Amino acid sequence: MASLKVKFLATSIKMQMHLSVFLPEAAMRAPAGADGARLKVLWLLHGEGGDCSDWLRLSMVEHSAEAAGIALVMPNLDNAMYMDMAHGGYPYFTYLTQDLPLHIRYLVRVLSDRPEDNFVAGAGVGGYGAVKWMLRAPQAFGGCACFSGDVDIVAALRAREAEGGLGDDWAAAFGDADRIAGTDDDPMALARQLAAARTPVAPIRISCGEGEPGVARRRDAAAALRSLGLDVRFHEDREAQGWPLWDARVREFIRAAITPGVAAEG
Amino acid sequence: MASLKVKFLATSIKMQMHLSVFLPEAAMRAPAGADGARLKVLWLLHGEGGDCSDWLRLSMVEHSAEAAGIALVMPNLDNAMYMDMAHGGYPYFTYLTQDLPLHIRYLVRVLSDRPEDNFVAGAGVGGYGAVKWMLRAPQAFGGCACFSGDVDIVAALRAREAEGGLGDDWAAAFGDADRIAGTDDDPMALARQLAAARTPVAPIRISCGEGEPGVARRRDAAAALRSLGLDVRFHEDREAQGWPLWDARVREFIRAAITPGVAAEG
Amino acid sequence: MASLKVKFLATSIKMQMHLSVFLPEAAMRAPAGADGARLKVLWLLHGEGGDCSDWLRLSMVEHSAEAAGIALVMPNLDNAMYMDMAHGGYPYFTYLTQDLPLHIRYLVRVLSDRPEDNFVAGAGVGGYGAVKWMLRAPQAFGGCACFSGDVDIVAALRAREAEGGLGDDWAAAFGDADRIAGTDDDPMALARQLAAARTPVAPIRISCGEGEPGVARRRDAAAALRSLGLDVRFHEDREAQGWPLWDARVREFIRAAITPGVAAEG
Amino acid sequence: MASLKVKFLATSIKMQMHLSVFLPEAAMRAPAGADGARLKVLWLLHGEGGDCSDWLRLSMVEHSAEAAGIALVMPNLDNAMYMDMAHGGYPYFTYLTQDLPLHIRYLVRVLSDRPEDNFVAGAGVGGYGAVKWMLRAPQAFGGCACFSGDVDIVAALRAREAEGGLGDDWAAAFGDADRIAGTDDDPMALARQLAAARTPVAPIRISCGEGEPGVARRRDAAAALRSLGLDVRFHEDREAQGWPLWDARVREFIRAAITPGVAAEG
């Protein structure tokens, strides 16, 4: 295997941006490397208060990536909630979706850029980021997964507003619910547009724990997406939540969606 | 020597904050360690677009710190301009001046917390941060240095506003010049208050390159501080600017101000 | 939580040695810090071909350490097999057991040095290292655990010799089985001496997977240690092996042995 | 700019090997990236007791690399003295010269593999490594530089032996002087063979400080190489030694040899 910690000055956001990249042993074995020998990539997004080391530290996804022979790209998005921030002017989402893929694919030669080889998943607000990214660029991905995150971000924002306010960091990123509703930061609105235009959209997986706050909202969002005709698989776990759940689900995502034909690990 | 890369979830700012710490060989040699065996500390602040690795990578300060037997603490402040940000609600300066010293001194045992053992310096906007920090807490430092930064931040903001606007990142941090003038984010105002109250203030070093933009403003700020009775040493370099200048000046600061009695390095 | 990546020039081995330290949120919460507020420590040793990032990346031990409020210290021992190497003269084990605890406890203030607060565990050859360390210094630890490693290293070396030779790296570290048998690099010999001297020894946990090579040898070693009167708990897993097993066992070790009174995580 | 910290399990040496890579801003600017857009590379080798972070931390080479638009690849070779070790069986030099270039060029797409674009330099024993590498593979490099290192390693080993022995680490790497003399670990022998075969060899730069131990030996080695017809530039500095010298010389090497036509940095 190979592990890369990358830092670069991103032109969109004018900051040193960090990311972690995991490459399986398979990436090292073909150094004669015809350009055809590209790896499938899972873009993995952290949640609130996390960073680009979360997925490697807090789950066992590295084992699954090694067994499946796929690359993991784990960017650092600070607490920007996968937004071009409402206040402060930092275009984090533009960095994520434009600068990052362009540069990392240019620098790291083995990453495939074919849509069917690219997948995106995230936990918490990273799950919102993952679904939003795929719905903004449906031609670029083979699937996405949202673990304990809100695809219906507007409902989540309204719930927070009703419970006493967004808090500084959510307000800095989103402004407020009304500012987001119906825009391309609202995945439900994006889904409605794609459905209306009959644009093909790859499968969406939504997972959450039965006991976590917001479970009803996530169940509703899955149903609403399905009623639009999207391919949505919803999993509600009776036992696990938090990282034990996300660990299990990201590994299931790799096994079942990204490399369905590859033999199981261990 | 020892090098530490520290990350912790800062309660003030609710983000994973990073810093680098350099400890000289002297820090390793006294493991029996009476509490008296504490190291002098230079807090080193990066400039705009930089991060906590800048000073180690872009200057040769590590050699001087090793020779002088002092610790370096280099925090990451993103592009927050050493402000509790005007927009977005991220209290970076509170993190820097409250969370960070408390926690790093608690975790890393060898750092002295005596005022005469603590010094702060920075380059560019980090120089503004360094002087502001010392003027806010004059009882906590033995001296500070500002390299190519603006102690008169209000004048710097007005100059930017006159030249076409602050830009997103400066606006996010400062708001505008009027919002800062006369507050405790304005080092000139802090200096006037300290002078009026006859509070003792440790020496301030200000350095800049003759050819750099803003040199006149920095010259004026030094003169204004001096006219208030502060101990200000102003150095205007005829040849160097940027990192070659900052490298030379930080090493002079260590040699002349922090450890004046220690033999010169190799 | 806090994460530290530490590098220092170790005098015993004259190399830059790396380690990772995990500190739970509890370590940050008591910055007023009476000396009494020290953390329990689990020293976690990697296996062959691994490094100081293995335990954080490849298991979910960080969650358990956070929940239990304990520190993890994870040193890098290269491929030295927890030996002062037979060839090459690199005293890795001396570094591990002398330089490292001395310096890291001096630098990082919150680590307890009381025997009942210190535990050591390792996977593969790191399990050998863990048991050897505790049996060499029985007064320094509250318990140890060996996951899929050989406490009877002499038997393991003889098995390798019989199967076609030790290979370069094992030979560099150990020389050969005869060179180790009966010395203080032979945990079985150490155990016999401790038993003969009636020295108190803290509990030893040995775990392995039913299907892994060497399981019979590990079963025998556990029985032999027990027959000497040591407190040995042997776990042979019918399903898991490798990291899934080690992940489960290290978490059980923390829960059951290190912090038996602390409420379970999540 | 971009900074990469890479770790991979090297098959030759069966250990996790670390390296640092610096890429100039120019590497990021051409993401459309025809395969022709490759960067010149300077392979930079650390000295005894150092690691892959030395050159970035202890010199200001990053500024020169950015100004010149070249990449820096800085591997970690532990204390193996750029040898396939005499004892312990670790093939570090094979890793450096075979695994590393193959894999890093495969992974990081922007590094040129054309001989005229590749240069190697090192300080101390890294200078020995640099010259040895180029003389073993004269068709692969456009030039090399040795800073305060011994091209005549046999003379250096004999001097150490006469002064009381090699010490554990030198003995582990080299065995003894007789074991090296005349082999392909002896750069003087390699140079004689290349001269006899009239193989073209790129220029060699040798620098040392007038006051450093071994200066006479280094002067003699330069003269001997020159008498074989090699293009050797010898610089003996009257003032600087150690890192201030190596910093100045590596920057001169980049400016004068690697990118002679590129405008000087700021």
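Letters A, B, C and D name the chains as they come in the text, with residue numbers starting at 1 for each one.
Please note the rule applied: a residue touches a chain if its C-beta (ideal position, glycine included) is under 8 Å from a C-beta of that chain, and two chains touch if they have at least 3 such contacts.
What you see is a predicted model; the values in this text were computed from it and never measured.
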> Between chain A and chain B, which partner chains are common?
Replying inline: C, D
> Which pair wins on C-beta contacts, C-D or A-C?
Replying inline: C-D
> Same or different for chain A and chain D, where same means more than half of the interface numbers show up on both copies?
Replying inline: same
> Comparing centres built from CA atoms, which chain ends up most distant from chain B?
Replying inline: C
>> How many angstrom lie between the centres of chain A and chain C, each centre taken as the mean Cα position?
In response: 37
>> Distance between chain A and chain D based on Cα centroids, please, to the nearest Å.
In response: 42
> Going by the touch rule set out above, which residues of chain D reach two or more other chains?
Replying inline: 3, 7, 9
>> Taking the touch definition from the header, please name the shape of the chain graph: line, ring, star, complete or other.
In response: complete
> So in the complex, which bits of chain C are touching chain B?
Replying inline: 1-9, 11, 23, 25, 27-28, 30-31, 33, 102-103, 105-110
>> Give the list of chain C residues in touch with chain D in this complex.
In response: 7, 9, 14-16, 49-51, 78-79, 85, 87-90, 168-169, 171-172
> Contact residues on chain B for chain D in the complex?
Replying inline: 3, 53, 56-60, 62-63, 241-244, 247, 266
